[in-house]
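Chains here go by letter, A, B, C, D, E and F, matching the order in which they are written, and residues are numbered from 1 within each.
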Amino acid sequence: MRTDGRGAESLRAIKITRNYLKHAEGAVLVEFGDTKVICTASVEESVPPFLRGKGSGWVTAEYSMLPRATHSRSSREAARGKIGGRTHEIQRLIGRSLRAVMDLTLLGERSVLIDCDVIQADGGTRTASITGAYVALVDALQWLVDRGALASLPIREAVAAVSVGIVDGTALLDLDYREDSSAEVDMNFVMTSSNRFVEVQGTAEAEPFTCEQMDAMRNLAMAGIRQLFVVQQEALRQ
Amino acid sequence: MRTDGRGAESLRAIKITRNYLKHAEGAVLVEFGDTKVICTASVEESVPPFLRGKGSGWVTAEYSMLPRATHSRSSREAARGKIGGRTHEIQRLIGRSLRAVMDLTLLGERSVLIDCDVIQADGGTRTASITGAYVALVDALQWLVDRGALASLPIREAVAAVSVGIVDGTALLDLDYREDSSAEVDMNFVMTSSNRFVEVQGTAEAEPFTCEQMDAMRNLAMAGIRQLFVVQQEALRQ
Amino acid sequence: MRTDGRGAESLRAIKITRNYLKHAEGAVLVEFGDTKVICTASVEESVPPFLRGKGSGWVTAEYSMLPRATHSRSSREAARGKIGGRTHEIQRLIGRSLRAVMDLTLLGERSVLIDCDVIQADGGTRTASITGAYVALVDALQWLVDRGALASLPIREAVAAVSVGIVDGTALLDLDYREDSSAEVDMNFVMTSSNRFVEVQGTAEAEPFTCEQMDAMRNLAMAGIRQLFVVQQEALRQ
Amino acid sequence: MRTDGRGAESLRAIKITRNYLKHAEGAVLVEFGDTKVICTASVEESVPPFLRGKGSGWVTAEYSMLPRATHSRSSREAARGKIGGRTHEIQRLIGRSLRAVMDLTLLGERSVLIDCDVIQADGGTRTASITGAYVALVDALQWLVDRGALASLPIREAVAAVSVGIVDGTALLDLDYREDSSAEVDMNFVMTSSNRFVEVQGTAEAEPFTCEQMDAMRNLAMAGIRQLFVVQQEALRQ
Amino acid sequence: MRTDGRGAESLRAIKITRNYLKHAEGAVLVEFGDTKVICTASVEESVPPFLRGKGSGWVTAEYSMLPRATHSRSSREAARGKIGGRTHEIQRLIGRSLRAVMDLTLLGERSVLIDCDVIQADGGTRTASITGAYVALVDALQWLVDRGALASLPIREAVAAVSVGIVDGTALLDLDYREDSSAEVDMNFVMTSSNRFVEVQGTAEAEPFTCEQMDAMRNLAMAGIRQLFVVQQEALRQ
Amino acid sequence: MRTDGRGAESLRAIKITRNYLKHAEGAVLVEFGDTKVICTASVEESVPPFLRGKGSGWVTAEYSMLPRATHSRSSREAARGKIGGRTHEIQRLIGRSLRAVMDLTLLGERSVLIDCDVIQADGGTRTASITGAYVALVDALQWLVDRGALASLPIREAVAAVSVGIVDGTALLDLDYREDSSAEVDMNFVMTSSNRFVEVQGTAEAEPFTCEQMDAMRNLAMAGIRQLFVVQQEALRQ
């Protein structure tokens, strides 16, 4: 049994609150247990230089944590004057994951900028960010549809993500911070609602892992992500 | 009458929520109408180099806005690689305001780091930050008292802040964003509960102002801040 | 009596030397006692991006100190790779103060860049900078008038600034460095020749201040600034 | 058949040249076809601050490409003043991969710094880097053994890496740049000589991928990496 | 006799390998004994802003050392976030030296970017860079001629460079690192094939030098550079 | 005849004013015609890390120009966030030139920091800086002698510098900006009072130069620098 009483294959309490802030076209608070991330989606009527005049849109993401989202305070990247390697890695992952389910040509020459700001961290912030950002993205695209800028949502399917890990030899779904800190292996799966993968990232923190362990983690993740799609759909239905 | 029906001398709805996040020693959500700021206070058992070995503590502040706290998205200072002039100005103001009511010698050689992160902006973010940060600071200091690190709160009195402005020739208390944008004069007052000033900053945005106008604004501010002290005290009593 | 024999309500010796350097359209050396600042005004036939095509001009300022302007050497901001908070605060103040007396529409789509470089510091560098920069600005604008680019000076009135403080409970005008270091309160007033305020900034360094003290400081400042206008006018008459 | 005549499950010509440069403790040129990377391993008798006094060593990596390693010139990160997201991602990957096979406690309080500098790029630079860096690391550790600083090599097993992808629906091993550019899916596998995984990273560039496709790619990678271990061993035997 | 048996007036073994890398228009490995530099020349169909519309081309250079090109590892300038003074000095020298023999008007509005990356350093990296970069530049210009973009090579004459120094009172040609470290004077000469100077840089490291010593060093350099022109011509003939 | 009536072998009016600013241990205004540079020398009781514990002192220099020292305004390096290549080159030259005449061991473990700030530029700023900085350095060292920290001045001889150039085929001494802009060759000589060289830097701006031209320039420089030593000595005698 896990510290919070969950079974190995259980998600934490997942909650998605739409319209969390008033200015952004999409603004979601996503909670995976005590992990809380504000995901906003901002529409801009321009694309980065490398796409200008090519008839395609763009979706990109930025990720940050409040200094005291974590147990001890971490210094601000703005104060340090540069973005760290972990942040780069995560924001590139979020951007790629969302673009994977978009039809960027249908979006036209405009961009959606995703901002994922972690206000409280308890493990799994990148997978919570992807899961929440998808809902914010749909809201921003629906806003474009509502005002006639798009004929329909340029989205092919849903995308969600979850972390899995091996702790004391056992594969566990949706690690919290304490579990993550002692995990031997940490894998993040990003999947679409057609049951396919857009990103898989596994890291042996302490001990290399076998094919069988990878398969066990993959099975847990696939079942967990199916539940996340249900939560996303319920949030979007309201 | 103002856009939201308030009188010239009325504050917006003020709300202070303590224990808003779980990791920080003090963690407050402060709301001045639609302006929402997360203020955390983090205790660190060290002081900046210029104070080492001098027997005095330190309180400093950092301030930031989520990119989409505002009507249109502003770029992240971390992405730009430097902190802008406005941010510098505000975080120095918050730090000075809080230090003004502290007895830093009683704090001992430790620091309290204040983080004010605006998640939604609608005018008055710096004054809301000061007002909320004071409560987070008290909570962090009480945490030190509770665990025996301090004999009593090293605070001399309360501090709170409000903005005032002249719009169409009339002095108004606690401007929202729309009022602020069209104000001829913008003043921020930071006061202590003994009815004295720790910071006064007035700027003629469009038209210089007279002694009489300054006095009218000061009167509004003094009355408004008295109400803020009541809200702070109620929050701290719970 | 003050260290240099002045009375509480006396300015230091104020001196404004025009045409101090040969390249700039306006180039002034301003001295407030031992505080010496070179203020240049440079005309550029362009405006910042946010003003392009709007028919308005711009005035902005930069401020710096030579490393050894101060008692002990301070490192160069260029070497550190970033501009500090204090510098940001001061150069924004100078820029706002000068824009407050300009008619930017009459200036047309061009900019005046003010550079205030402190070569020797003895307190009050920001107020000396504003007072000297106004004269450099007038010279640069007159240069535009002289060559037919402007029909008349796009200036509504003069602007000057002075610092005031409370030292040992007494309000003193135009603090030098030693007085400033031991002041309980430090206020800077920026006023126009119509006796109105464009910027007021007061900070309790040690002890909060009362309404009465603020009024005493304001009175000292108003009298002092009237004398600065005389010095400016005399310099411009030559 | 592939552009260079290889079969789907074939590696490019792999070549590892030791002692490629004269100053570094380990210095390897690794070639995966036209991809050429200089990997050096430098021993330093210190550890990063977070490890000081803990009795553990450290291995970290930096990665860079010569500006003209690529088809068109890319600007230098030193000239831009910051390291890009892709570089961050790759150098973190290399560092984690090598640490996974080290016994850092046996290394003692010293560091090995790996530098991977791509002099010619034709796809798979990060996997070539890992494969070559392992050999440079062994050489540097052997240098420590040879001079009596270590009793034996603090390495548990070998590590190597390869990329796999799906191009036109077919899984291909060890993509060159042209294949990589048109791949629907791109996966990198980092494995140890005990046939276990230390890093798995898969990205759907164009189309999400299925469980079956992931398994096909994994099989290709496992076979390819087994061959890389042979090349590494042969190089180390000379 | 010198450590490697050379006479005072002898060059080290000089080797120039063309077509060293496959992507660049010019790509040379130049070796002065154990000093090895990769020099690439990249053609770009644009010029820097200050030359736009002026009908002139541009040649500029960047210089870098691999972290472990040197005896002990030096940190990467990209990681430090800025280019050091020595690098600035050297890359400006290389650019000026090459421009001195070019007819930039004949080049048309395009640029050649030279990259000199030192992979192994043993003294004289800047003079080796200039000598090798000239050959890479010729190859890149010939590439433009071959595809009809230029009627003929826009080069007036060849350029090459060598270092000279005074060690233990004796003038020596082409110092290696050990000699350079103990030299009293270090001079670099950049000359054209018409026996004229484009750059002369002499520095007394320990003891000022006399006119006679300067003349002795100049004579050595002139003789050495004549040999470098032969090596360049032989390389270009192949 | 030259634009200002000088002969080819004449210096401009040279003026050295000591005690120009009140805080620095040495503070000189040096004027070469319209070129005006403030040179300060600051004593610090520490040395850079690479010299700690070695019993040797250090002299280093920083160089900057006020934005409007030049005909058109140049942007501040602090605002750009980095120091340009030309500045790096010049400040390294100044530092090396002064160290060449110092006995750093006699100085003991302390540093003298030279700041050369050009307030008005009209050609030859680097050579004026060296010439003036020497006098500021002597004043700072004398200050150390006067307070008993040093037994005698740790200076072996004087150092001064001048620029020479070839304009329309004629060698000219001490170029002003207009001459410098049209010079075919530009050389800077730094010499000691024993008639020896510490730095020689020659650059062909338009046309390579011959041995004979180099000798002509050297002769002009040697005569000019002898006059600069007289001016330095006169200034130091007062």
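Before moving on, here are some points about what is shown:
To be clear about the criterion, a contact is a pair of C-beta atoms (placed from the backbone, for glycine too) under 8 Å apart; a residue touches a chain by one contact, two chains touch by 3 or more.
On a predicted model such as this, the values are computed, not experimentally measured, just so you know.
Touch-path distance (fewest steps) from chain B to chain E is 3.
Greatest Cα centroid separation from chain F: this falls to A. If each chain is reduced to the centroid of its CA atoms, chain D and chain E end up 33 Å from each other. Spacing of chain C relative to chain D, judged by their CA centroids, is 59 angstrom.
Separating the centre of chain C from that of chain E, both taken as means of CA atoms, is a distance of 50 Å. Residue positions 81-82 of chain E are each in touch with at least two other chains.
Taken as a contact graph, with one node per protein chain and an edge wherever two chains touch, the assembly forms a single closed ring in which every chain touches exactly two others. Circular chain order, beginning with chain E and continuing to chain F, reads E, F, C, B, A, D (contacts as defined at the top).
Against chain B, the residues of chain A that register as touching in their complex are 21-24, 27, 34, 38, 40, 42, 44, 62, 64, 66-73, 76-79, 81-83, 87, 113, 115, 117, 119-121. Looking at the complex, you find that chain B touches chain C at residues 82, 84-86, 88-89, 91-92, 96, 100, 187, 191-192, 194-204, 208-211, 214, 218.
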